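Here come two complexes built around chain A, the first alongside chain B, the second alongside chain C.
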Partner chain A sequence: MANTYTLINSNVLASSAASVTFSAIPATFTDLVIRASIRTDRAAVEDWLYIKFNGLTTNRSYTRLTGSGSAAASGRSTSVIVLGETNAATSTANTFSNQEIYIPSYTASQNKPMSGIGMQEDNTSAAYMLVSAGLWRDTAAITEINLFPETGPNFVTGSSFYLYGISNA
Partner chain B sequence: MPTSTYEKIATTTLGSSSPTVNLSSIPATFTDLRLVFVPLGTSTQNMNMTLNGDTGSNYSFTSLRGDGGAAYGSTATSASNINLTLGTSITTTNPNLYEIDIFSYTSSTNKTFLNKYSADKSISGNLGVMVGLYQTASAITEVTFTAATNFAANTILTIYGILKA
Partner chain C sequence: MPHKIIVDCSTGETTEVELTAEEVADQVAAQKAAEADRKAAEVVAKDRAVAKAALLDKLGITAEEAALLLS
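And then the complex of A and B:
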């Protein structure tokens, strides 16, 4: 029976790190999924998760939908891609955000859409979630993914990142 | 070998433009369905989804979406299809991404679905989450996406089956 959902690589941080990179991503799958549990050391309750591809910081845009438990809002940028909300240093101790990123057709010679969702819930009066539509306007196959916090500067020890490949073949 | 719980049922990639993208004869051997749809249009246009070829007033859905400036909520009842381009459209260059889960698709109760859609177009953007209901006691065996004009070549639809047993 075909195995359609395969772990490509993982990284569970044994010490804090400014970024996490998955490189040499094989072209043998159809879609990519990243699942992560993240906390950063930003001096605040929350931080944002950024992404870039193939080492490039160009041709990125995204649109977000956010909620704080009391209101919903939307915003966007044409210079970065933010794909989730994370817990940060003043968030309740030992709470990590959950993240899921979906990147379809990552080897197709067309611009790359993607989705992201990340939630910072820490049993306080305000918690934050962010749903995102990202776009990388590049026709190259994605071979490297770099994740990093907006402010951080670091992901803290215990943050975990899992990259899966989904195959439709 | 452990049981595979996430399996491709079918995939189609358009080789040329077409007004519809359809997958039929979906087997009843799974518990839930996941559709991953990455459409391009031959022009900027709307599109929708129907199940089992049903265009009766059997669909309802509620959406929470954002366009980069504000957040919106909307609902539709007794609809004849599921509008997948609320606040957005399919375009020629920047594909949308739809992740659609259809739960208990073979049960004899009404069917619920969850649609997460992502449509950033660089100069503008839209995204949202939609919960929906399809009122039928029949198993879902067919999924059809219909464009106002035509989907473009390289539009991709894949259906996965998720198995609990």
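And then the complex of A and C:
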């Protein structure tokens, strides 16, 4: 059982950005957790959060469940990893989604499964939520994490990103 | 040109750099994949709604009555 939860680094956007990258991630922890509060400038109420590792665009897949309060759906892709729903430009002003991504055994010489949950917060009749199981089929240690919006093209000012390391000993 | 924020976890430094052509291409590809994904999900949902309506019509009951039967 994890007994530490250490902030590795963080960033709160002072201006909009197309993506956020945590580089040179230390290999001294057991698992990684990303907590984020984000909003994109997509011309819609919601957008999706993408992730990639070590700058690579291969061997990615995920399966998701989504809901809006009135409809539920599921889906998957074998070319990208989506880990959450986010607020976008036409959702309630000044409202940011919340995200949590868990990546166990990020330095192990095995494929890298992960889970993500992201909620679009909105003071309307619908709010979008997404739960995801992602897999990066690569045995390399994760040293870099890149987050970017599905459509955006940008995360807006005030979006915040926190990378934590968890140790089990 | 779009830019990205890089947080170097070894130094704590944050830099702002332009996306490479490869990164832009990857984001465009991801957007297309997601768009196709969403459209496919919409088709499935629509097909399901049509099939559900046809079944209710065949049974001669409303959606509320069907929900009552299943409660």
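Here is the rule we use: the second predicted complex is superposed on the first by the 166 of 169 C-alpha atoms of A that agree within 3 Å, B and C clash if a C-alpha of one lies under 4 Å from a C-alpha of the other, contacts with A are read in each partner's own complex, and residues count from 1 in each chain.
Criterion: a residue touches a chain if its C-beta (ideal position, glycine included) is under 8 Å from a C-beta of that chain, and two chains touch if they have at least 3 such contacts.
Since we're looking at a predicted model, the values are computed, not measured.
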Look at A:13 in the shared chain and tell me whether it touches chain B only, chain C only, both, or neither; answer first, second, both or neither.
second
With the two structures laid over each other on chain A, which partner does A:75 touch: chain B (first), chain C (second), both, or neither?
both
Go through the superposed model and pick first if A:158 touches only chain B, second if only chain C, both, or neither.
neither
Touching A:150, do we find chain B (first), chain C (second), both, or neither?
second
Applying the touch criterion given at the start, work out whether A:23 contacts chain B, chain C, both or neither, answering first, second, both or neither.
second
Could you look at A:57 and tell me whether it touches chain B, chain C, both or neither (first, second, both, neither)?
second
Which parts of chain A are in contact with chain B and also with chain C?
66, 73-75
Touch list for chain A against partner chain C, complex:
8-11, 13, 17-26, 48, 50, 52, 57, 66, 71, 73-75, 77, 79-80, 82, 146, 148, 150-151, 153-154, 161, 163
Please give the residue numbers of chain C that touch chain A in the complex, ascending.
2-12, 14, 16, 19, 22-23, 26-27, 29-31, 33-34, 37, 40-41, 44-45
Listed in rising order, chain B residues that touch chain A in their complex are 1, 3-4, 6-8, 11, 36, 38, 40, 64-71, 93-97, 99, 116-129, 154, 156, 158, 160
Complex interface listing, chain A residues touching chain B
1-5, 30-31, 61-66, 72-76, 78, 102, 104-105, 108, 110-111, 113-115, 117, 131-135, 137, 166-169
